[in-house]
Amino acid sequence: MIVLFTDFGVRDPYIGQVKARLAEHAPGQQVVDLLHEAPDFNPHAGAHLLAAFAPGFPPGSVFLAVVDPGVGTPRSAVVVLARGRWFVGPDNGLLSIVAARHSDTRLWRIHWQPETLSATFHGRDLFAPIAADIARGEFPVAKLTQTDKLDVEFDAGDLARVIYIDHYGNAWTGIRGVPKNARVSAADVSFRHSDSFGFIGKGEGFWFLNSVGLLELAVNRGSAATAFGLTVGDPVRVQRLN
Amino acid sequence: MIVLFTDFGVRDPYIGQVKARLAEHAPGQQVVDLLHEAPDFNPHAGAHLLAAFAPGFPPGSVFLAVVDPGVGTPRSAVVVLARGRWFVGPDNGLLSIVAARHSDTRLWRIHWQPETLSATFHGRDLFAPIAADIARGEFPVAKLTQTDKLDVEFDAGDLARVIYIDHYGNAWTGIRGVPKNARVSAADVSFRHSDSFGFIGKGEGFWFLNSVGLLELAVNRGSAATAFGLTVGDPVRVQRLN
Amino acid sequence: MIVLFTDFGVRDPYIGQVKARLAEHAPGQQVVDLLHEAPDFNPHAGAHLLAAFAPGFPPGSVFLAVVDPGVGTPRSAVVVLARGRWFVGPDNGLLSIVAARHSDTRLWRIHWQPETLSATFHGRDLFAPIAADIARGEFPVAKLTQTDKLDVEFDAGDLARVIYIDHYGNAWTGIRGVPKNARVSAADVSFRHSDSFGFIGKGEGFWFLNSVGLLELAVNRGSAATAFGLTVGDPVRVQRLN
């Protein structure tokens, strides 16, 4: 299974070009669109999202992960193997959290260049063929050089900020494993805990651990983003009680 | 064929997780995205949309239908078989119209619970595995209990309101089978009939029976929603002449 | 491979109905969504986009191309074969540029009508079955009449206007093959050249030849559309120096 995780946008003609390339290089492989609206130009938020989603996909999955504001510059391209899942993308921190959270991680730099490499669309020209090779089970040894360390590494601990806002207006954070009695606040507002939406009054705010294990701020039948003016990057405070 | 009908949003990382689960449980099955922007928190509008689309899909199709503001509360989960098509989703009225419009409908409650069931994402954890079982042709008898009646049932007649607004700004209603000489009005405006867009002056409003048999309000090369201030829930009036 | 190029919108229930039809008529065929947000009601911009994308897809690909404000009127429906790729859609100019740019182009009118033909959704009812026939390798001779000329033909040269704005805010134009030392301006602003985003200061505007060979206006880590007030249709000026 090839899993796409990008900021290419769902409405733009980028994903389709990537998929056509994957279909040529790995015919018959299942391709799943996980996210194409990762926050633009923000590998840091993307890295935390990717690390939260990865364990939910079967071992052997190949993630084509591209949030790449430095495309065309000499930033490196890498392959990461972490806990049985593959990740192909730029070495700009996007893959660094999934890499750091597992002890058996292996890393390779992509030194191969395709005959035709655009300056602005490595997702199609460089990363897709490599991901296709791996998904086909033909690890492209000749195109890679093993390495010990990524060039860019983000802190692999929790990120106490809003990292994604979904279309309901729910605000995801990079915070994991919060006990129900913790005190959670953001935008100068305290949030109570609830297990799910239906237990809360209409229009009321609350926090919950979401389906990939991240603390999420929400409003029942409403938008937390609008109600509290939340945007990606806003700090979120968690006080764990004794 | 598994057909997805949800309010999960096209830009969010929900559909991809559902599809990965379907790929694990029903490998090789065709999955079609019908609608992921059903009006949020609105099973009533969704129920009328779903009932209009269903006959256009081949018998044997399995609809995974989720508009589920009560997720995590004790609302029931059900399987509906109506006119040869399967529907899997919450028992909150969403499946009640498609169930009521056919005389041979059969109903089951899902009593099975997966080992890991998130409180907020039954589409992925509960409904997807059941839909996959049915699509594979292995009806999950042991996970279901036959029943006679849904807990929540909406009126199965027409709904004389706007139930969907598409990206062109066309306003769909829950009204079927309107003769061309009927008088149609909404937002204090009378709409004339036309068979299609090209017969109407640019910027002019009209109504037509759309490609799934519902009365739709439109403006040629413009947005009816913007021109007439229409939103989901607005009443629409139809006077059938003798 | 069937490639979808439409203005049906990514969030609306149109693409799914087309895909269900394709799955019935051409089971197992790969279907790729290239673009579903071609500028609304604008076959001219769409024609230039389609011509730029086509060469990137493998010979034998079948493009289902629908931007069709005249649907339901007597405009013709056509099949185009150009440089080994097939195109199925309305004869309103949308296919005219891809047709004109190759010397070996062949043209057919679709005289076939399906038993059930809606007045507003020929993408599903008429074009999808024809595209499916061709993709299956069963050219539908009996449904077509060869012809010499399209009814509507746009100028096949460059279009010196904005033809698409992506979700980053980058503005695509219909201008090809521009040397790096050309003078480019739009909205009374001069743009400098850069090969890619990472070489430019944050927030700075520039132009580049994009990954399908079109001149594109952009801002590094920002939106050119917002910064310079660009919209589809705006003129763009290129002065080639000696």
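Chains here go by letter, A, B and C, matching the order in which they are written, and residues are numbered from 1 within each.
In this section, a residue touches a chain if its C-beta (ideal position, glycine included) is under 8 Å from a C-beta of that chain, and two chains touch if they have at least 3 such contacts.
Source: prediction; values computed, not measured.
Participant: Only C-alpha atoms count here: how many degrees separate chain A from chain B in terms of the superposing rotation, rounded to the nearest 5?
Facilitator: So the copies are related by a turn of 120 degrees.
Participant: Between chain B and chain C, two touching copies, which fits better, same or different residues at the interface, with half of the numbers shared as the threshold?
Facilitator: different
Participant: Which integer distance in Å separates the CA centroid of chain B from that of chain C?
Facilitator: The separation of the two C-alpha centroids amounts to 30 Å.
Participant: Could you tell me which residues belong to chain C and also touch two or more other chains?
Facilitator: 10, 37
Participant: Which of the residues in chain A come into contact with chain B in the complex?
Facilitator: Against chain B, chain A makes touches at 1, 3-4, 10, 30, 32-37, 49, 53, 56-58, 61, 164, 166-168, 195-199, 208, 210-211, 220-221.
Participant: Quick check: in the complex, which residue numbers of chain A touch chain C?
Facilitator: My answer: residues 9-17, 19-20, 23-24, 27, 37, 40-41, 69-73, 75, 118-121, 124-125.
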